[in-house]
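Next, two complexes with chain A in common: one pairs it with chain B, the other with chain C.
So, the complex of A and B:
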């Protein structure tokens, strides 16, 4: 393999080799090779020609389909804010539900997680914020979109599964033996409803994954 | 003159410059750059990143189409061809430029003084 081909390969290294990327790579390579031959024909030494050609293109991020340049600090900051707000909302919902055994531990665990996330957020604003105030980075909007779709599908499957499982646990024997449903009282009813609807709170996870695309477009820079 | 050309002034016209080159005949990336360099009497050197960005934009707007050439040394070249839509866009860009040039001449040189 020649030096120029290796260089072009290195420019595209972090991208998955789809047919589109391969085509772009071949186009960039054949154009640079034509330039290199031209420079050599014009009297440059092979090394000088290679250096000139290499300097003419130093990144390909802006050429990748779906890539956009974003203000990294603002993007991260707002994403973290939404994460904290989501966690806090879930936590607030769990507070009155603490009377139920299954929620009790979860509620305190969430408070602990929020505390750590909050401390990290403040640290981020103070420290990392200073360093990357102006830093821009390329992200791929198509990738974010795909991840979002996958996470939503997984979450739907999880919720459906937990719904079916809860039904089996509570009513399986009633169905199997055709016995009438018997609920012991308001607490038992509440406990059952909590078991049915608690998994719904995990909806914040696909919500947070969906934010990536929206925030990337919001903080796109020239 | 031959001095530095303000890249801000030129940037908005790169697409038209490329259409102008492809108006003559189909061509591939490096030759397009060379043609632009030649057309400018070696005063303006289009950079690779701008070239690819423009080509991508023109292709997505269906102003140009692409096809792969025969295998040359080391690989195939990607050729671009102007489409009827691109041709129309080229002519209207030239017209727009004529109007803009006259207008800007009047506005920044002022009145009768033609210097």
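So, the complex of A and C:
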């Protein structure tokens, strides 16, 4: 394999070799080869021509479909802020519901997760933030969009599954044997409603994944 | 940025406030429950409503009998149960001594438990309180002689009047002597 082909391959190494990437790679290689031949025809040695061609293109990120350059610090900071706000909101909702056994462990688990996330957020602002301030990175908006769609589909399936399961647990035998529904008092009713309601709180997961696309567009830089 | 940080801090404060509030409420509930449980161990403050669900025609229903006596003042003493359907007798075997309980408390609680047992279990004829040092047997007819129609006691005012009478130590001692058949065990004193 010639040096130019190897160089072009190295530029595309971090990308999955889809047909679009292969076409783009071929196009970049053809253009650079044509440029190299022109330089040789103009009197440059093959090594000098290769060096000039190589220096003319050092990255291909801007050529990839859906790639945008973003302000990394602002993107990460706002994403963490929204994550903390979402988790805290869910935690606050679960606190009064802790009288129900099924919520008790979840509430403590959330408090623990929030504590870790909060400590990391402070560390990010103090230490890592300094390192990546003014740093720009390429992110792929199409990838974020795809991930968001997949997470929403998975969450919808989970929610539907838990809804059906809860209904089967509480009313399965009533439906199957045509027996009247019997609920022993307000606590039993509350417990049942909580079991329907709890899976809904996981809506913060697709929400957090959905933030990536919105924030990438918000913090896009030239 | 600052607005979101403020929201984070505000939510954190609300969450911590909620946690402390729920702990306070739970502690208050616990105190109320504890006070209620303590009151259930005292004959003069025992709640009739807590034993009414165990009203039964037949003493043959052992779980019901056990539940009933587990909700009566003597329930804080480790014990096990047995029953004799031939003589319509329910027996409570305590793991401690009667003398260790204190004379006045023992008399009041045996009288109260007997009234409750006979009033709620229709065909129960005899109750045996078997301690490691002594055994007390109480019969329905003796209790009825002292308190009249026991079923008539099963309302708040009559029940409360009966509980009030148990505050008078002299009366309790007299009735207890009249209604109980006391049997000392060998090698024990008291």
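Keep in mind that, in the parts below, the second predicted complex is superposed on the first by the 222 of 222 C-alpha atoms of A that agree within 3 Å, B and C clash if a C-alpha of one lies under 4 Å from a C-alpha of the other, contacts with A are read in each partner's own complex, and residues count from 1 in each chain.
Just so we're on the same page, a contact is a pair of C-beta atoms (placed from the backbone, for glycine too) under 8 Å apart; a residue touches a chain by one contact, two chains touch by 3 or more.
Since the structure is predicted, the reported quantities are computational estimates derived from the model, not experimental observations.
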item: Three-chain arrangement built on chain A, chain B and chain C clash or fit; value: fit
item: Partner, of chain C and chain B, that touches more residues belonging to chain A; value: B
item: Superposed arrangement, angle subtended at the Cα centre of chain A by chain B and chain C, nearest 10 degrees; value: 160
item: Partner chain in contact with A:5 - chain B first, chain C second, else both or neither; value: first
item: Chain B versus chain C as contact partner of A:52, first or second or both or neither; value: neither
item: First (chain B), second (chain C), both or neither touched by A:77; value: second
item: Chain B versus chain C as contact partner of A:26, first or second or both or neither; value: first
item: First, second, both or neither for A:62, with chain B first and chain C second; value: first
item: First (chain B), second (chain C), both or neither touched by A:88; value: second
item: Contacts of A:98 with chain B and chain C, given as first, second, both or neither; value: second
item: Lowest inter-chain C-alpha distance for chain C and chain B in the superposed arrangement, angstrom; value: 33
item: Residues on chain C engaged by chain A in the complex (per definition of touch); value: 1, 4-5, 7-8, 11-12, 14-15, 18-19, 22
item: Chain A-facing residues of chain B, complex; value: 28-31, 34, 47-49, 52-53, 56, 72-78
item: Of all residues in chain A, those that touch chain B in their complex; value: 2, 5, 23-24, 26-35, 37-38, 56-57, 59, 62-63
item: Sites on chain A touched by chain C in the complex; value: 77-78, 81-82, 84-85, 88-89, 91-92, 95-96, 98, 111, 114, 118
